[in-house]
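Chain lettering (A, B, C, D and E) follows the sequence in which the chains are written, and residue indices restart at 1 in each chain.
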Amino acid sequence: MTTLGPTLLPWLVALPLAGAALVPIVARRDARWAGGFTFAVALATTALASVLVAQLASQGPFSADLGGWAAPYGIELHFDRFAAWTMALAALFSFVIPFSWRYLDATLPRERWAPFYALMLLNLGGLLGFSVTGDLFNLFVTMEVVSLSSYALVAVAGRGVAAWAALKYLLLGAVSSLLVLFAVGLLFALTGSLNLADVSVRLAAAEPSGAALLALASLAVAFLVKAALFPLHVWLPDAHAIAPSPVSAVLSGLVVKVGIVGLLRVLQLAAGTGISLEPLNTVLMVLGATAIVMGAFLAIFQDDIKLMLAYSTISNIGYIVLGIGLASPFALIGAFVHVFNHALIKVTLFLAAGAIIHQTGYRTLSDLRGVARRMPQTAAAMAIGAVSIVGLPPTAGFVCKWYIALGAFEADQGGYGFALVFGALFIFVYYVRMLDAFFFRSPVRPEVADAVEAPWSMRAPVLVLAAACLVLGVLGGIPIGFVEPAVVDLLAALGR
Amino acid sequence: MRTFALALVLVVAATMVIGIAGLPPHGDPDGPVHTHVGARYLEQGVAETGLRNLVTAVLLVYRGFDTFLEVVVIFTALVAVLALPSATRQPPPPRGEGAAASRREADDAVPVSPVVFLVVRLLAPFIAVFALASLYRGHVTPGGGFQSAAIIGAMMIALGLVFGREHAARLVPHGAKAWLQALGPLVFAAVAFVGWRLTGAFLGFPADEAAYALREAMVVVLEVAIAVGGAVILAQLFMALDAPS
Amino acid sequence: MSVVFDAVMLLLLIATAITVARARDLVAAVVKFGLYSLVLCLVWQHRGAPDVAITEAAVGAGVTSVLFLLTIAKTARSERG
Amino acid sequence: MTLLGLDLDYVACIVLFCVGLYMLVAKSNLIKKVLGLNVMETAVFAFIVTSGMIDGGQEPIVVAGSAPPYTSPIPHAMVLTGIVVAVSVTAVALALIAQIHAHYGTIEVDELKELP
Amino acid sequence: MDVVDPRPLLAPLLSFACAGLVFAAGENVFWRRFWTFLAAGAKLLVVLSMLPGTLAGTVYVSHVVTFTPGVSIALRADAYGMFFALVSSTLWVLTTIYAIGYMRGSKDRARFFGFFALCVSTTVGIAFAENLLTFFLFYETLTICTYPLVVHAETPQALRAGRIYLTYTLLGGGFALIGSVMTLDLAGTLTLSQHGVFASDTPTLALAAVFVALVLGFGVKAAIMPLHGWLPIAMVAPTPVSALLHAVAVVKVGAFGVTRVIYNVFGAEQLQALGFATPLALLAGFTILAGSVLAIRQDHLKRRLAYSTISQLSYIVLGAALLTPLGALAAIMHVANQAFAKITMFFVAGAIVKETGKTHVSELAGIATRLPWSMAAFTVAALSFVGLPLFAGFTTKWYLALGALQGDAWWFVVVMLASSFLNAAYWFPILHLAYFRAPEVTPETPPQATPDASDGSHAGVAAGGPRRWETSKTLLVPILICAAYVVLLGVTAEVPGMPTSVAVVAVEQSFGLEAPLP
């Protein structure tokens, strides 16, 4: 049993990808089968990820050498405590896919269902691969699978506007991918290796050079674009708001985290090299704090609920980046737990918003007044998500805010703690408007006044996720306990 | 915009010059590129993989997982284009006599000179043979799955341009299309599974002498899958982009 | 000889790239891009990378150009402004 | 052969990268932007291929008559994958551009920005 | 001594479960009432069952979950927490009876009673919070759960009030969070079970920052001036909400938090050495006087009550900031004394609105003939505030004065006397109007014309229906019980088993001061 983890690990990536290739085949007879099949694949992937996490918990981190070639000579997949997030990834997809079943009825013609579900699984597979790979070039290729499927998913339902949003996303995304490839080339030229751990060791052994610095800087910039850190966020709001809601949930909750995981890889690469991370950390702190405030500030002016959620993603990415920049144990713990918690909360919010839009046909606050009277459960889920995203207890969002704020004081950067705590409250101004409109006003639109609750296949995912937001607020210690040893190791490697 | 672009370009150029200046000189046989992982591939690659073209060895054997993801990427591109609204505007191919005229009109909007017609027609088989040769010799000489895919794909475009899309589309049997376009990822996954059962490693290739033929077969199957799958995907991409909108 | 050949090829490469950037007619730009790819292909062949060269010729010069041309046929032929 | 202490090949890569970047940023036409992206991509490929060169090296195909030194096969494999990725991205980008044109009737960013 | 016991957790959980059941019951009146009363009664019993142990010096502790070592969610029923929990559980039962009568026929009652139960649940959680994290958790939850109650009427005014309320309290919550985080960073612990957590060599500047952050954070809910802006505006809420939340739960939680900061985060000794308490005491003294002066100028009855609350709350803060045993005793006792007296007044104000539609003091001429029992209760509460002996308010003032003298703060005695006069100045005119002026000849204004009627609470009162004597029993009974309590607290200040004895234990056990009474 001891080798179970390494043997199964490659299938975590291969399963959804092979599943994606099968979706159009399954859907030939009846497009509806695509949804069920995709759900089955997502569930199987979740189960596989759970087995791996159980292995991790009992035996510690493990690696798989693909093709049987030992580390620097082949591609290595590495499953450590940070990679445990893959389980959340797969699980959240398992909620988004059943939500899509009925959602697609109104949004997509049947012949495009199969490509849609295939893209979802490709996205999942790419994200899983990106999260577990220990190889630099493989990092690039998996990132391309994620990016390419994301561009298409943005444009899948809309016409011109969506295509334009997707193209903006694509152009910036492609440049950032190119920067990653360039950096991989530089690092290969410097070290002759593509294995992440090996490159790090060899960089440390060599003289610190401008080339290594350039490589790390390109990687950092590229990943910050992917993470949509202010002011590199320009592509995000349109893309996330225009995409169909299940896609918005995936993009906003999960795909932006590619940038964060990538940033983690930059830290791991830099460990031990003698390259000072101070300038990077300062930039991350300043930009992170700015992003928190600006994301919140820009959200206030939105009337479209999905656009507002998109801006709140920018704000929340600011949290995570600030936490990474602070580089103190508590801040890092908070940041990495927020990678997961924000995914949960944002998926909840976008799915709830999607259910409301699907049932009423409206998407702005002024139109959606009084919707809670007709859709109390969905609106309640939305309210829980809103409270959670602002970081108020007793919800999942609070745990991370607490840790990052604590980390700010731990790092003697109390000012950032203030920015974090009050920047987040700023956005609540907006959410209060939303809650007021949903709960305490009378409907102005007949469609809203006569709306009915979403079908169960849409409602159940939303309700379960909202409950999870509350449960993880109280049991916040579980993800924290999981991430803590990994953060300690990382900081030790970084010499802190 | 221009000023901004120029300023950005200058900043990027300066940064790159400073960064790249720190690289070891290229072409140095003692540089890290040639002494670390690459050296092992060069020394033992032929023995370990049985492939004489070491680029193919790296692509399929040492770093097969990258290539798996590569075929996934191009499959993603196809699915992405098919998922876009314009792709579905294409009406289902009309059947029967009455539809033929309108079809020809739509397909052959651009009249093609007889010379081009003849050349393409004559060349097509040769292109196909060249592609197959490139594929077959891929593990000895330059060439391989993707190159063949591109060549077959290019042939299909040429045929499509000359005979109309309808004609070219018939080259890919309709019922098998879904299977063929997914051939790359699926065969990769299958070979990975076989390798896993045989060697215990995902995408592992049996290394012992006795299994030489099996190893060879696995490589050929992969190459064929990449070539055929890639060609079908490329052809479909062309047709999707060529679809009237 | 080799040095001169290198320098000429690289200059040619840069020159074709700039003509791609300057071409107003999009079809011309794409054709020039195909040319650029072929020059690049020669450089790579010369640098001992025949696999890359063949792929670039087939995919970079061939497939990519055709994709561009198909799109241009459906959209606008020349750059405005 | 060097320029400013840089190898000429690398200089060429940087120049190509910058030409592509300029096209991407300064051109208003979407197709020109995507062409620029492609030029940037080839520049990075050229950089990677260059880094794998070896003086007097041969292609890494071990057949009768070939002898070391060989160029490193790893950069070639990377670039092969990179080319396929690039063409995939280009295909999706062009499909989106066709979509934009069908809807707005223009593919100029300047004009797209003015539309609602 | 600490004993592990599930009851401190059980108490908030009961009302939490009740909230869930009430939401589930929806508009089914029977089940809603059933669950509410069951939970309210059960909770009171649970709290009472711990009382003998508390009086014997036992502290019950339940651990819920541990975040990381040193940071956990835990509940600990020490004497001070018990005192507060006792008061709030008792008042929950009474307010529930009152609210059922008051809200009869109004809309969205499931939401109302559900969030009501949630608020009470969090109040007990705050009372029993073992550490600042738990405290903060419940503190912010309370903020969120109160919001739907404040905006219950759904009028533009109510929504505006709700937004102002949230702005104040969430900003306060932000400071509380910063303060808690700084505490953990400086002291390495968040516990509230000690009498001061900071090492003596902690930099004074850092301690000052923590003190300011925490006092700002909790002071917002305690409505210490100038952080009081939300309280009068939030009076648009239905009267039971104003009564329980704005006289008892929310504002008391703020004052409770400030005392916890003074005695458990810093500790009397350390605070004495640092000298931070004096500015706080001065601010509290200012609030007492300014609140009273502003109260005189209010004609709207509930707003006058609100300013009076602002003033009265600072008695608690001041008593705590004196750092003397008797001052602390007075602070604790005032938690109960003010609660019972103020809730009586709010209940009466609500009854007046309900029966006559009158909301302003100037309209109350001769109201005592219409509502004699209610006005009698009101009179008792007013006399208590003025500080007449034999009423609850007197005991507070007496111990406060003694405590002030114990701490050589003679100036406070002056403040207190002045405040008594001001209290008289704004309560006696009401009594005068009610008892000694003839009712105006105009018939009673139709209830629906009044702002408070907009919550729909009058739907059940037929405008032309038969005129009742007094008000309905569900309103009157809680009023009379509360008034009786005010008298009882005044008369039996030192009888064992009554809250005073708990307060005495609390001073020694929770605050770490010497026993205040022999």
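Brief remarks on what is shown
By our rule, a residue touches a chain if its C-beta (ideal position, glycine included) is under 8 Å from a C-beta of that chain, and two chains touch if they have at least 3 such contacts.
Everything numeric in this text was worked out from a predicted model, so none of it was measured.
The chains in contact with subunit B and with subunit E alike are A.
The largest tally of C-beta contacts between two chains is found for A-B. Summarising the inter-chain layout, the chain whose CA centre lies farthest from the centre of subunit E is C. Remark: the per-chain Cα centre closest to the mean position of all protein Cα atoms belongs to A. Distance from the subunit C centre to the subunit E centre is 78 Å, each centre being the mean of its Cα atoms.
Averaged Cα coordinates give subunit D a centre that lies 70 Å from the centre of subunit E.
Between the Cα centres of subunit A and subunit E there is a gap of 43 Å. Chain geometry summary: the mean Cα position of subunit C and that of subunit D are 10 Å apart. Residue positions of subunit B with contacts to 2 or more other chains are 16, 20-21, 23, 26, 33-34, 37-38, 41, 53, 55, 63, 66, 70, 73, 76-77, 80-81, 84-85, 87, 142, 146, 237, 241, 245. Along subunit D, residues 9, 15, 22, 28, 34, 50-54, 57, 59-61, 70, 74-76, 80-81, 83-85, 87-89, 91-92, 94-99, 102 each make contact with two or more other chains. Under the contact definition stated at the top, the residues of subunit C that touch 2 or more other chains are 50-51, 55, 59, 63, 67, 70-71, 74. Pairs of chains that satisfy the touch definition comprise A-B, A-D, A-E, B-C, B-D, C-D. On the side of subunit D, the complex with subunit B involves touching residues 4-7, 9-10, 14-15, 17-18, 21-22, 25-26, 28, 50-55, 57, 59-63, 68-70, 72-77, 80-81, 83-85, 87-89, 91-92, 94-96, 98-99, 102. In the complex of the two chains, the subunit C residues touching subunit D come out as 3, 6-7, 10, 13-14, 17-18, 20-21, 26, 29-30, 33, 36-37, 40, 43-44, 47-52, 55-56, 59-60, 63-64, 67-68, 70-72, 74-76, 79-81.
Interface of subunit A with subunit B (complex): residues 7, 10-11, 14, 17-18, 20-22, 24-25, 28, 64-69, 72-75, 109, 111-112, 115-116, 118-119, 122, 125-126, 129, 135, 137-138, 141-142, 144-145, 148-149, 151-153, 155-156, 158-159, 163, 186, 188-194, 202, 206, 209-215, 217.
Remark: subunit A residues 387, 392-394, 398-399, 401-402, 405-406, 408-410, 414, 417-418, 421-422, 425, 428-429, 432, 435-436, 439-441, 474-477, 480-481, 484 touch subunit E in the complex. Residues of subunit D that touch subunit C in their complex: 1, 8-9, 12, 15-16, 19-20, 22-23, 27-29, 31-32, 34-36, 38-39, 42, 45-46, 49-50, 52-54, 57-61, 70-71, 75-76, 79-80, 83-84, 86-87, 90-91, 94-95, 97-98, 101-102, 106-108, 110-111.
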